[in-house]
Every structure is written in C-alpha cells, then in structure tokens.
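Paired with chain B in one complex and with chain C in the other, chain A is shared by the two complexes that follow.
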Partner chain A sequence: MAIPLLVGIVFVTFMLVRVGGLDPVGRLAGPTATAEEFEMIRAELGLDEPLWKQFAIYGGNVVRGDLGESWLSNRPVLTDLKERAFISIELLFWGVGIGTLIGVPIGLRAAFRPNGRFDQISRVLSLLGFSIPTYWLGLVMLFVFFYLLQWAPPGIGRISLMVSPPDHITGSYLIDGLLTARWGAVQSAAAHLVLPVICLAIVSAAPIIKQTRAIALEVLSSDAARYARASGLPPKTVRRLVLRNSATPVVTFVGTEITGLVGTMSLIEYVFAWGGLGQYGLNAIVRGDFTAVQGYVLTLALFSVIVFLIVDIIVNLIEPRSELT
Partner chain B sequence: MAETVGDEFKRDRAAARPFSLKNRFIGIARVSPTLASGVIIILAFGFMAVFAHWLMPHDPVSAYPERVLKPPSAEHWFGTDGNGMDVFSRVIYGAKFGFGIAIPAVILAVAIGVPVGLVAGYRGGLLDEVLMRFFDGLRVFPSIILALAVVAATGQSLLNVVLVLGFLDSPVFARVVRSEVLSLRSSVFVESAKAAGNPTWRILFIHLLPNAIQGATAQAAVRAAWAVRISATLAFLGVGIQAPTPEWGAMIRQGAEFMVTGQWWVGIFPGIALIFLVFGLNLFGDGLQDLMDPRRRAVN
Partner chain C sequence: MSLLEVENLRTHFISRDIDNQIRVAEALNDVSFTLEAGKVLGFVGETGAGKSLTAQSICGLLRPPAKVICGRVTFDGHDLTAMPADDLNALRGAEIAMVVQNPRTSLDPLTRIVDQLVRIHQAHAGGPLAASRTRAMEMMEAVGIPDPKNRANAWPHELSGGMAQRVLIAMALMNNPKLLIADEPTTGLDVTVQAQILDLLKHLTERFGMAMIIITHDLGIVAHYSDEIAVMFAGTIVEAGPVSEVFEAPGHPYTRSLIAATPERLKVGGGAKLGGQPPDLYNLPSGCALRTRCVFASDVCATPPPRTRVGPDHDVNCHFAGDLPS
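Showing the complex of A and B:
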C-alpha cells in the first residue's frame, strides 16, 4: 500500500522538473556556449538518456539517499534539508499544537449550541481565519508588535544577533538553551518564536474549528447520542460520549490538515526569515534551484506519509471500537 | 436560527410577494444571512473590477517620482508606494486580477473534474480505482507548494497560473461528482434511461449531470476563494505575476519591506482587499453548502 504511494511521490517530484521549458543546461553552459558544449553538458548530466532510464537512475539515487547537489548552496541537498528539518518541525509543533488547543474546544462549544451566539461568532471568525493570507498576517504583526509597540524582536531569524546560539544538540535553540542552561539564549529564542507561532496557530485553528463543529454536530445527531439523551442521561454524560466519539475523526482531520499547514508554514518562515526547511524550499523554488526543489517536495511528501502513519496509530489507540480487536 | 412555525410562515409570506430581484434577495437573506452577505461582498468587488477605469482616481501604474511613499491623504486615499504610484487606484485595479484568475481557473477545474468524476463514478472498476488513488496520492503534497513549484517550472505567466490552478483544483470537483454518481448509479431513472437505449454519454451528461452537479456548485465558490488566495500568494513570492503589476499579492510583496520601517499603507490595504474578497467567496460557499446539505439543515 505504501510502496506504490512512495514510487508515485518520487515520480511526481521527478516529473515536476521535467514537464516545463526548464533548462538546467542553459543555466550551466552560459550564454556563450556552443552547440557541442551543450551536448557535452547534457551527456554529463545524463539528460541524453531516455526518460525511463533517467527516472530509474533518479529513483535509485533517492533510495540511496542521494538527492543531488544544490547549485545555490553548492552542497548535497540532503545535508541542507537535514540541517533545517528540526527547525521547521519545532515551529510546526508549537503552531499546530496551540492551534489545535484553541480550535477543538471552540468547535465543540459551538456544536453544543448550534446557531447560538457563540456559534455565530466562532463561525465568522473561522471563516475570517480561512481568508487571511498568512504572510500578510505575519507582516502586520511585525508592523504592530515590532515597529509600533516594540514588544517583539525584528522578524529576522530565530535568535537575537547579540546572543550567541547555544551548542547544537537537537537544533532547537529553545531546547538546547534549556539543556545547557543558557537562559539568555532561551529567552531570546522564545521571544523570536512568539509571533510566528501565533500566526501559525491562528491559521491552523480556523479549519479545525469548522471541522470539529461539523464532526461534533454529526455525532450529536447520531443514534447513540440521541439514545443517551432519550434515556435521560445528564448533559455532562452525553457530552462525554460526544467527545469520545468525535476524537477519532478530529485527530484524523488534524493529521490531514498538517500537510497543508506545512505549505502555509513555509510562508511564515519566509516572512520571519526563519531559516528552516520552508524558507529553504521557497527560496529554491523562486530562484530555480530545481535539485533542491525536488528534494524539498520529496521531503514534504514523505513527512505527510509519516504523519498519516502516526495518525493511524493514534486512531487505533483511541478508537473505542478497536478495543475489541 | 431556530426554525419555528412562525418563521416558516414568514418565509412563505416573503415568497408570496411579487417576484423581483430585491424581494428574492430579501428572502434569501432571511434564510441565510451568510449567503446574502457573501453575495453583497462579491458583487461589490465585481463592480470594482468591471468599472475600475471609472473608479480609479489615478493611473495604477504611472509613477509620481516626487511623491514616493506618501502617507494616506485627500489626494491619495491609501497613500503612495515605493514607486510613487497611487495605492488606492492599484487596489481597485487588483480586483480585476482576483476575478480574472479565479473565474477561469474554477471553470477549467470544473471542465476537467466534473467529466472525470462522472465517468469514474459511473464506470467504476480499475479506471475509478487508479484515478482515486492518484488523487489521494496528490494529497500528500501541500497544494501551495505544488502550485508554486509547477508554475515556477513551467514558465511564469498569468496564463500558466490559471492553467496550473485549474488542473490542481480539478480533483476536488471529480471527487464531489463521483460520490454523487455512485449513489445515483443504480437509481430507477438511470436504469430506465439505460433500458430506453440511451448511449452512455447521454446518460452521463443529460441524466446524471444535472443531479450530481449540486454539490459541485457550492464547492465552486469555496474553490474560487482558494484560487484568489493561492494566486496572490504566488505573486507575493514573485512567481507568476511580477511587480509593478497592480495585483494584490504583488503589492503586498512591495509593501513587505516598508512594513518594518513604518510605511504600513503600501502593504496593508491590498491585504485587506484580498481578505474581503476571499471572505466574501467563503461566506457565499459556506452559505450555499448550508442550504444544500439537508443533514446540516436538519440539525439546526
């Protein structure tokens, strides 16, 4: 099941670079190159081989962990990606975590009194959250909290330039600082985290509110909930039942949502010059570094597959019906 | 809104008024304020897009070198940008891009997705299996990154942005239509159409399509909102549409550097316009979904 998906992912990233009028040869050869030089470079890059053979070579390289070399950084793409992965995961963890903690209770409360005032307000707010461009929100936050109020540090990087980053242990300045007891670094890293995390939390909470409400409403109108109410169980017990039965679809939804949020997050990274995977990927796309783009897209897809797997495991653990098996 | 007998009656009375666009709209607004406010917002932007040339006080791309980065004033309501161009005029003109990209992109997505969904749902079997697997597989890629990478790889032009958004969005419509067709496939009217000797294309497009399209119409508004958002994001990153084109995303890109130096008007206003249009489309789509989904209505 997962194997055809993985082959498909590698195929899509492979085709991504080949579909267009994109020409790495022209870029490498420069404007004064002769026809023979063009041919030489093509042969050197393996572009004169038939397409299926190129794909086989590319696939083989990917399996061996060779993603090629980025011409922007002149380093193996895999090294670039590995260095930045944890930086992005840290941001994603805080952002989506807080977004979920905000979104799920609001969605539940809205569902318990559908079309009440709370529901109306939360619905408009969540639709608004859907509509705000992430990068614009980030810029406005920088304007308000950095320029006007001067509460937040400038949106450049993950730690102040005045503070030397703590020794590399996990890659997260926050955790590394705590581990090495560098409180100045911890403080600076935390301050830099606040705005991007709020941005991501707002953007991720919107769909979670909407979906949690829909799921809880569905459960509320299910036979089980109706029976529980008809039997005269106290509202608190009914709510617990609804919570329990909503948990599985909500977790599944948040899991699938993470894929899209990774894209959103790269925009936040771009605005705050975060230096993570997302900013690396966007830079590669904008500047046409296609080996890096391939590696980046591949990493994102693999990440999604891993998240889906984790969701499956969690669902298996919390699903009431799976206790029987 | 809790529906009571009284509400029903009021609604009937509204429907009984002589037919006019205004009365019709009031009727809709009673049932779904979301839908109505969405319509108003969309119409306002539509008006802006169509009559931009009369509404703009200045030319959106002619620069006043002596008036660079001036704050909002009576002459320039939204101030001027780094090139000395009038931000207000540019925001109005930007509505043209919002609609100009979203409408063709959604039409393309419907034109691809709906037939695919019809055939896949009706035929079933291996074709259906392969298509659905492919669409599921595409889900592991964040849509914005895929759109960015494809536009960057296939060449940066407005046309390409439209084509790529249309293609990437077509699975949504295929999926909606397919699930409708699956539940309609063995219904009596399809069986009788088959028994009467209708060719397959006739069953698909004359008999099934009108019954299966409902879910797709609500999706169309939501997906238009998506298209507006993604195309602006592409422009913000400098992919597809380049400054000084008066497109909202491109304008936010121009305003980004001034945001931390205090010239907020360059980037804030196009962002607000963008939010409003996307918000209006989302309200409209959400309202439609509410009206059409009997299950969501039943709960209320």
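Showing the complex of A and C:
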C-alpha cells in the first residue's frame, strides 16, 4: 500500500517543482553571468535533458537511496535531512504531546456538560487557538517573554550560543545532553524548547479540543451509552464506557492532526530559527533548490506513513473489531 | 395493589425557537394506566404517538428538553416521580429491565458478552464475581443461546441481530426484574426471528413471573402476545382494555381505523380508513386530537373527550364511545 503511494509522491513532487517556475540556474549563476555560463550550469545540473529523462535519473537514484545533492549546501540531501529530522521530531513530539494532554481532557470535560460554563470557556479557547496565526503567536511570545520579561532565551536556535552543544548522538540536544551528563547543555536546550513547544501545543490543542468534544458527545448519545443508562449502570461505569469508546476516533484524529501540523512546524521553526526539517524545506522552496524540496516532501510523506502505521497499531490494541488481531 | 400505576402523566418538550420564543411540544398528555404483576400490556400507535416516551418517562430516562410536567408513577409501592436519581438508577436494570430495538448497537462494542452480563449483575446485586458468571451462563441458556460457554466470550460485533437481542434479553433477566419493558424488540429483525424472540419473551414472562410492556406498531404482535392493549394517539391513550375485548368491539374511531388497516381486514374491504397526517404536537387541536381527521367528529369534539367505560376494564376516550355506528 505504502510503496505505490511513495512512487506517486516522488512523481508529483518532481513535476510540481519543475513546473513551479523556480529558476535555480539564475540564482546559482549570479547577475553577471554570460549566456555560456548559464548553459554550462544548466548542463552541470542536468536540466538540459528532457523532463522524462530527468525523472528517470532521479527515480533511479532515489531507489538506490541517493536523493541527490543540494545546490545550496553542496552536500547530499539525505545527509542534510538525516541531520535535521530528529530536531523537528523532538519539537513536534513535545508540542503535539502537550497539546494532546491539554486538549483531550478539556474536550471530554466539555462534552460531559455540554453548554455548561466549562464548555463555553473551552469553546472560546479553541476558537482563539484556531484563529491565531502561528508565526504571529511565535513573534508575540518572543516579544513578551524574551524582550519584555526576559524569562525566555532569544529565538535563535536550540541552545545558547555560550553553551557548546553536546556530542551528536540522536541530534536532540536535550537527550544527547542527558546521555552525556552535560547538565548545562540540558538546561539551555530545555529553556530554548519552551516557547516553540508552547506555541505548537496551543495550535495543536485547539482542533483536538473541538474534535474530542464532538466525538465524546456522539458516543454519549450512542445506543450503547443510552442502553448503559437504561440498565442502571452507575454513572462512573457509563463514563468509563464513553471514554473507552471515544479512544479510537480520538487517536485517529490526533494522528491526522500530527501529519497536518508539518506546515505549521515550518513557520514555528522559522520564527525560532530552529534549524530543523521545516525550516530546511521552507528555505529550499524559497531558493529553488529542487533536490532538497523533493527530498523534504518525500521525508514528510514517509513520516505520514509511519504516523498512520503507529495509529493503526494503537487502534488495533484497543479495538476488538479491527481486522488485524 | 397493581405493580405499576401511572396517573395523569404529562411529558413535554420545552425548547426555544430561533426567535427565542418558548415552544412546547405536548408529547404526552394525561397518560394513565395500570399493570398487574405477571401481565403483558401492549402499547400500539403510530410513530410519535408517545409509546417509547411513556416508557422513558416511567424509568426517568428523559433527556432535556423532554421533561415530566406532572403525574404520578407508582411502581411496586414506590413513587418513581419523587424518587432521587440514584435510587431510580438502582431500580433500572434491576426491578425494571429494558429490551430495546437496536440490540447490536446497544451492546458495548468493547466488552465481551459475558463481561457485560456480569457487569449489570455486579452493578445491582453485587456479590462474588463467580456467582455473577454462573448466573450469566444460566441466563444465556435460558434465552436459548446455543453453546453459551463459547458464545460468552464473543464480541458484540460477532453476533447476528437475533442473537444480540437474546443477549439483551439475558441482560434484562440478570437481576430478576418484576417488569420488563420491550421497546420495539423485533423492529430490526427478520420475520422468522421476530416470532422466535416474541415467543421467547412471552415464555420468559411466564417462567419468571414478570410483567411486560411491549411497545410496537404491529397490531398482530399485541393481539398474539399481550393480555391487555393500550392504543396511543398524539400522546394520549385513546383506548385501553383486554385484548379480546378491544379487538372484538373497538370503541374509538382511531382503533377502528388501525384494525381496518391490517392486511387481513383490507382484503375484506371493511372499515373506515384514516386520512391526513399525525397532528403537530406543538399545536394540538383543542379537545380530541383526532377530530380534524375523524369522520364522526362534530362540534362537541372540541372539548376534551371523557373516559368512558364500554365493557369490562375496557375504556375509550371519545364523546361517542359506545354509540358509534358499527
């Protein structure tokens, strides 16, 4: 299932990038280049070949695990991506993790007392979370907590410039610092995580609140819940039944939510100069770095496939109706 | 003393429309009936007549905007309308058990059959788990589930509709109820299974000495399985009495048209058929709700029809009860 999907994605991104009107040659050659130099660079990049041949070459390389070289960093795209993947996943993990831990209980509580005061407040909060532009939230948080209050470090990377990063093990300064017992680095890395994580948590919690509330409300009015009440089961048992039956749709939703957040991630990484995958992809798109864009999109696709696989596994564990058990 | 006595029960849906005006749907108006221990009472009527709502009002299962406005429900000497919610909850599933119309979706999809049976027993009777398990096996046997030992560990989605309905009946029996309310127990099942389930219910009421209320829109079911019948129309019981009496000599124009509409009668071509639509519960006609559609209606029908006794235990809510042309 996943393999034809990935082939399709490789093809579509390849074509999109090519017809997107990006011109890497002009950028690489510079404003003073002559027509001959243009042609030389074009030939060097392989852009003088017909489109189908370009795709055949690229496709063949991808199968062999070679995503090409970035024209900007002059390094293999795969190396660039590998370096940055974990950095972004770390941010995403904390952000969505906290967003879920906040969003799910709020949504459930709102559903158990629909139209109560708690529900109304939660609705306003989730509406706010929906409508605030991510980059604006990041900038305002930096302005308030770094510039005005000086509680948070500046938004220039994942660790203070005064602290040397720990040895590279996973790529996460927090985990690497813990593993190598570099407490100063751990502290600085944690401090730098706070603002972008809060930012991402707010943005991800809003839809989770809304969706969890809707799911729980539906389960509450389901035949099974109504029959449980008609059977005189204690309210605690009925609540447990509703929670258990809400689990599958909530987990599925959070899964789709994670894959949908990668765009938001790019903006947050940009604002906080995070240097992860999102920022790399955004840069590549803006600068017309074909191979890097393709590699970035392919990585996201692979990431989505993995997330959905994990969702499937979790659903399998809680659902007797699923086919795989 | 009767097992269940319902007096002047009124249930209304109170909501607000888009102009924030209060709207009231008079869903139940003055429902009164009694049910003796061990008897079977059949409720018939069209969709929206208030059959299920009567059952829900009795059990305290109404959800907003539905609300019991007034009336008394006395069950086994307890006034259910005045009972605290927790006590009523303890009564439901124990003294008064329910069988509903969507058995497959009404079972908890994430719990094995036997655990659901045990759960309802534990919630009310308590006691050692092993005793609840034994009881569960006995009840599965009693409702005719083949190979109960194996079926016990099935998930609800693995059951057919008929099997799931048997499980619901077993759940209802777990705590030895005095009253079983079967709310359209066979609506979703195919005809051969319908008969099996109804025969089973009838047999179980006799075996365990339960009283039963069957809610249905199938006159045939009532004729076959109940001792008494209550015909509902627009939130009122328009005619009630022993089944043989009512079918023999229907006293209300609505009952007559219902009986006339059964396939057997249609063939012989007898009886007046009823035209028109069910009345708008937000805007009921004054007096008799049927008067806009009734061929016998006259000016007097704009006043509330009196309850008239036309035979032994046979009551009709009609101004012309007893002297309708036959």
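Definition applied: the second predicted complex is superposed on the first by the 285 of 325 C-alpha atoms of A that agree within 3 Å, B and C clash if a C-alpha of one lies under 4 Å from a C-alpha of the other, contacts with A are read in each partner's own complex, and residues count from 1 in each chain.
Note that in this section a residue touches a chain if its C-beta (ideal position, glycine included) is under 8 Å from a C-beta of that chain, and two chains touch if they have at least 3 such contacts.
Note that the structure is predicted; figures quoted are calculated from it, not measured.
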| item | value |
| --- | --- |
| Touched partner set for A:F93, first chain B, second chain C, both or neither | neither |
| Which superposed partner A:W183 touches (first chain B, second chain C, both, neither) | neither |
| Touching partner for A:I318 - first (chain B), second (chain C), both, neither | second |
| First, second, both or neither for A:L300, with chain B first and chain C second | first |
| First, second, both or neither for A:R229, with chain B first and chain C second | second |
| If touched residues of chain A are counted for chain B and for chain C, the larger one | B |
| First, second, both or neither for A:L241, with chain B first and chain C second | second |
| Chain B versus chain C as contact partner of A:G281, first or second or both or neither | first |
| Chain B and chain C footprints on chain A, overlapping residues | none |
| Contact footprint of chain B on chain A as seen in their complex | 4-5, 8-9, 12, 16-17, 19-22, 114-115, 123, 127-128, 130-133, 135-136, 139-140, 142-143, 146-147, 154-155, 214, 217-218, 220-221, 256, 259-264, 266-267, 270-271, 281-282, 285-286, 288, 290, 293, 296-297, 300-301, 304-305, 308 |
| Contact set on chain C toward chain A in their complex | 59, 61, 89-94, 97-98, 100, 102, 105-111, 119-120, 123-124, 155, 157, 168, 171 |
| Residues on chain B engaged by chain A in the complex (per definition of touch) | 1-2, 34, 133-134, 137-146, 148-150, 152-155, 225, 229, 232-233, 236-239, 249, 252, 255-256, 259-262, 264, 267-268, 271, 274-276, 278-279, 282-283, 286, 295-296, 298-300 |
| Residue ranges of chain A in contact with chain C within the complex | 222-224, 226-235, 237, 241, 244-245, 318-321 |
